[in-house]
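Chain naming follows the written order as A, B, C and D, and within any one chain the residues start at number 1.
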Amino acid sequence: MVGGGVGSFIGNVHRLSSRLDGNYDLVAGAFSSTAKKSLQSGLKLGIEKKRIYSNYKEMAKIESLREDKIEAVAIVTPNNSHSEIAIEFLKKNIHVICDKPLTATIAQAKKLASVAKKSKALLAITYNYSGYPLVHQAKEMVSNGSLGKIRFVEVKYATDYMATPVEKTKLKQAVWRTDPKQAGIGGCILDIGTHAYHLCKFITGLKAIEVSADLHTFVSGRKVDDHAQVQINLEKNAKAILWASQIAIGNENSLSIRVYGTRGSIEWCQESPNQLWFTKLNSTKQLITRMGKGSMLDLAKYSRVPAGMPEGYIEAFANIYSEIAIKINKINTTSTVFPNIEDGIDGMKFVETCIKSSNMKSKWTKLKKL
Amino acid sequence: MVGGGVGSFIGNVHRLSSRLDGNYDLVAGAFSSTAKKSLQSGLKLGIEKKRIYSNYKEMAKIESLREDKIEAVAIVTPNNSHSEIAIEFLKKNIHVICDKPLTATIAQAKKLASVAKKSKALLAITYNYSGYPLVHQAKEMVSNGSLGKIRFVEVKYATDYMATPVEKTKLKQAVWRTDPKQAGIGGCILDIGTHAYHLCKFITGLKAIEVSADLHTFVSGRKVDDHAQVQINLEKNAKAILWASQIAIGNENSLSIRVYGTRGSIEWCQESPNQLWFTKLNSTKQLITRMGKGSMLDLAKYSRVPAGMPEGYIEAFANIYSEIAIKINKINTTSTVFPNIEDGIDGMKFVETCIKSSNMKSKWTKLKKL
Amino acid sequence: MVGGGVGSFIGNVHRLSSRLDGNYDLVAGAFSSTAKKSLQSGLKLGIEKKRIYSNYKEMAKIESLREDKIEAVAIVTPNNSHSEIAIEFLKKNIHVICDKPLTATIAQAKKLASVAKKSKALLAITYNYSGYPLVHQAKEMVSNGSLGKIRFVEVKYATDYMATPVEKTKLKQAVWRTDPKQAGIGGCILDIGTHAYHLCKFITGLKAIEVSADLHTFVSGRKVDDHAQVQINLEKNAKAILWASQIAIGNENSLSIRVYGTRGSIEWCQESPNQLWFTKLNSTKQLITRMGKGSMLDLAKYSRVPAGMPEGYIEAFANIYSEIAIKINKINTTSTVFPNIEDGIDGMKFVETCIKSSNMKSKWTKLKKL
Amino acid sequence: MVGGGVGSFIGNVHRLSSRLDGNYDLVAGAFSSTAKKSLQSGLKLGIEKKRIYSNYKEMAKIESLREDKIEAVAIVTPNNSHSEIAIEFLKKNIHVICDKPLTATIAQAKKLASVAKKSKALLAITYNYSGYPLVHQAKEMVSNGSLGKIRFVEVKYATDYMATPVEKTKLKQAVWRTDPKQAGIGGCILDIGTHAYHLCKFITGLKAIEVSADLHTFVSGRKVDDHAQVQINLEKNAKAILWASQIAIGNENSLSIRVYGTRGSIEWCQESPNQLWFTKLNSTKQLITRMGKGSMLDLAKYSRVPAGMPEGYIEAFANIYSEIAIKINKINTTSTVFPNIEDGIDGMKFVETCIKSSNMKSKWTKLKKL
């Protein structure tokens, strides 16, 4: 693991998620920006002292020479360092599991993509919300035609922890997320907007063709956007509204999606992840529950407990990790599903284009090929 | 009443709503486009035969000459006739209660406005959703600062009854609503988009300054829009997303609004109208119920039964009627709240500007003064 | 109307409900216990002075002699006077619409029943919750076998307005309800327990055979029970749990029922009356909405507005009134559904037997024939 | 681990839960009733071959002699073997983590209790639902007086997987649960009724004094009860209704509790475990979320991710395991909270008394000391 010292939220999530299904052991790391802090964290995490590194370069170099070297590395640092760290490990053919977004800038993304192409190792990106079992079911229902042709998607990601200038209180997470140098080209649109976009793309299989965006900063003094409204024209003439906000008081982590087709609709919300609403044209609304009646057989693969026993965020995150483990162990299988570098690049292109559009008074702007 | 023959949905709603609180008696009408049908309907409704008229002109003329003439007339015809009928009665100084939207075109709205200005009679418009007690509470909470400065509004009106080409099955309501000659300048944006806009304006007290709209027709062969996505810059630097759809399968009459301010937020949905969610910054979410704890004293004025006993659509509609009755009876009072001709005109301007913007690829377009 | 002076909650409910569908005109009344107050209320209600009576006896006598006499009377007084008032009008062959419970004591119920039997007039009792459209649908679904054989019913009526000794604050409704002389043999069990029992019987068609009850008074100093827990053996080997409480903080008027059969289950709650949950064995849960998909055709009879536009308490109450009106107008029809004297007597027997059982340490006790 | 071969539901739950927080390694086991199956399961689980045992006696004997012997054993076999297995390990001073219920009979419970008393090792029992963070908050809110004096508790555990005679289809879990020899003295009351009782006791701190129970078997041919209705007089004059059912179609794993006091109430449902409803007397209902505003500081101890990111069943189960680990590691600490042998015995007494009462036509029956 690179980053994720003790006290880090996302580092701990990666550790819990990788451990849950017994597919990963955490054996080495460069956990912090200073050697001392890295050592402290590593020891607390029970890592053997000599595999606690001062920095990621040292780690990549030394680990790659060990016989029992790490198979994969999780990168859980601020956005602007993702690229250089990932490149270092990919070059050593060590698999990379990178937190989202892929990078902080488009230039970084391009560079990383070109390295990844040549590497024998995988690059996965933890758009973790696509790990929820019922999100897989939603994807399958779209793909098997249960909804007919997709017309309209509403996806939103509402949170409120930045409704006030929390970065001034030195809340660590808020500080780097609102610092363009560490966070990259966007604020809210990059931090959570990309999650929403990935969820839409994952479920519908439709990419954005063009966007009309309005990014805004509500909290005065903040250096990045904290609110994003985007209209999207998706492939196959479908339309979408996406909004993401960090100032929407009363929302903790409210990512939700509604997909409307010619023959039916679905509705899913991350805060009630064991439920999927489905309405067929001219029928009553149905409540599909994870592993309950109406749940696809395949969901067993992404579930640990029966219907009625809630699974949550860690389990969904663990599903991403476990799919990656399967892929790593049987490198030729094609049945695993997890977000990869293409998804990471799509996310960056989406953000870049939203920013462009917003800077041109919401002019409809096409997403370009990288 | 003009229009609203037996079998008409909205005609019956006006009758039920006006009768509920005992403030109105239905004594005369021109209920249909033919004299015969008008007579049939009038008799079924128990109207005295000689006060059942063949057409609205006859009605306005004869009634205005009676000693016991009608005090007010409800207009519940398709949009394109609102203007001429309202003008006829206003000229006779008979109060007009007009179904929404005000008119079918801007030209009609202008003409009507100029007549209304000169008339001694009132013109009210039944944007009925603003009649719900908790919508009044929401308005009051915004106005008394409970939410702080308003930042963002999400308002949507999702329905599904036009998800297929129902107008071809001769469903009466769908037929005229999809016929530009009868409906007017818009489809979905005019029929339900205006309700959503009025609700936003009513609660926040903020008008739209400019819009970036994308109107779309999903059902092939349909002559008007059946889906509208609008970004709005409101007064005082607030932003809004409004969408209205007639093809959103799984939604019956799902009008909902969320208002986010610097100090709190509220959320209300027409399908659960006795509940209002309120979150103060840094506090738990609270469920305010009509006439329950947390409900304003003033709500008693708009309520008939205590907390826990649901009130609904008819009661909210009746609140509009009763406010109008109070106004009519004591012409100088200022404490009544009901949508008036200004609101009707605002709605028409909003629709017109959305159409303009949509025709210019969602270009941000300012609402002009009439 | 007898009782229901201005300021009375239930009197106003009867007035609104009878007026809504245009089937009744309020033309006479003895609105209060004193002649003066009755007059004041009557005048405020717009009743002709000479038809405002000092007491119910005078009213029954004089009205019955008029050519344009009242066809029906609504009795909305405290429980202990229901019987004598109803008898007076039934003897004059004037239809009686009596608020629940039927009487205050079993002796009164017996006497009333014997008079009613001989009268040409109807006696209806406003167990109003059975007037909700989806309660009719639930009844139909049980009766057409959608649920299979009924196994278990959970019905509860939770309120909280008596969680503290409100009767000491002179809250009028609480005062008489906690005074055994005015309320009768029970407190909570009589006031709201009977509503719950009626709802169970109405939907399932199953009467109680025997009960094991535990009535309790939580608020010290209160003279009647304010909390009732009852286990019921229903006909056809079905079982039920019924509880009613006036001290359940956080509940406004939370009457809900769940019916479990061998092939499916339903769930309905009075506070969301436009929704009925239905689960077929081995299927997903379905949300049936009033007049929506999955709604029976017959529901149109009990509905005024389409799906998605909420109806509520007044509308359900009005359904009872309108069914009675139909019955009164076409006395031989059999298709009307409203609670009658049998239902009133069943309610009294249920209460009496619960009290007996509770007094014998919850001994299972059979309901006797009257 | 004893029991829990590959394919076992609860065995896997114990493995996931013990692994999640990194406090346990699974190193030995007797996973099945036959040596061959035990070996197969052990190997699949990655256990060293020589620590995969043919039976629990062998395991207890050999492990207790190893220098690196197991510190604790999880017992996840059918109820009737819990006692003898636990005794074997307790005698070797190996900690026991036993699935619920404690034993199959009262005699077994007594014997186990006497052994446990003498052992230096712990015995914990996985009443896992008390591991949910908001259940801890509920307990704390009762104990700090937020609800005032407790008056009434409603607790229910509704499931439907035994609504038909599934034991005849050889569904493994249903087979042993409906076989009195393996399951013990009760069916539904023992299997899930004890969970409900423990939850009530855990949150309120009040034990049952006496019960009036009605146990029933709805599915014909079934040898144990599949539905239980219990009225409870709790300590301090509080009352409770508890029902548990395995035939309540439409319920997956619906364990819920409502606690009503003189000053407030709370409501929690296992299927939405990140939400706790709280109503203070004369206030609006509040939604407390895990780690959100209104959440106790102490909840951090039982949480892994912030508010808005759902935790579920595995996490709650893991909380029990982690509390036990803390206790094992620092044997003198008193701040850990997990269900112990007292709770196990209380559960058995509750079941025994319910059965007695039910056999005496619901006669109120006191719980005796063991």
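Just so it is clear, contacts are C-beta pairs under 8 Å (C-beta built on N, C-alpha and C of every residue); 3 or more make two chains touch, one makes a residue touch a chain.
Here the structure is a predicted model, which is why all the values come from computation and not from measurement.
The copies chain A and chain C differ by a rotation of 180 degrees on their C-alpha atoms, rounded to the nearest 5.
Farthest chain from chain A, judged by C-alpha centroids: C.
Looking at A-D and B-D side by side, the one with more C-beta contacts is A-D. Averaged C-alpha coordinates give centres for chain B and chain D that are 55 Å from one another.
Chain A and chain D have Cα centroids lying 36 Å from one another. Residue positions 285, 289, 292 of chain C are each in touch with at least two other chains.
Contact residues on chain D toward chain C in their complex (touch as defined above): 151-152, 154, 156, 163-164, 212, 214, 216, 218, 227, 229, 231, 239, 241, 243, 245, 247-250, 258, 260-265, 267, 277, 279-281, 285, 361-364. Here chain A touches chain C in the complex through residues 278, 282-289, 292-294, going by the rule given at the top.
Of all residues in chain C, only 9, 12-13, 15-16, 19-22, 46, 159, 251-254, 270-274, 289, 292, 304-315 touch chain B in the complex they form.
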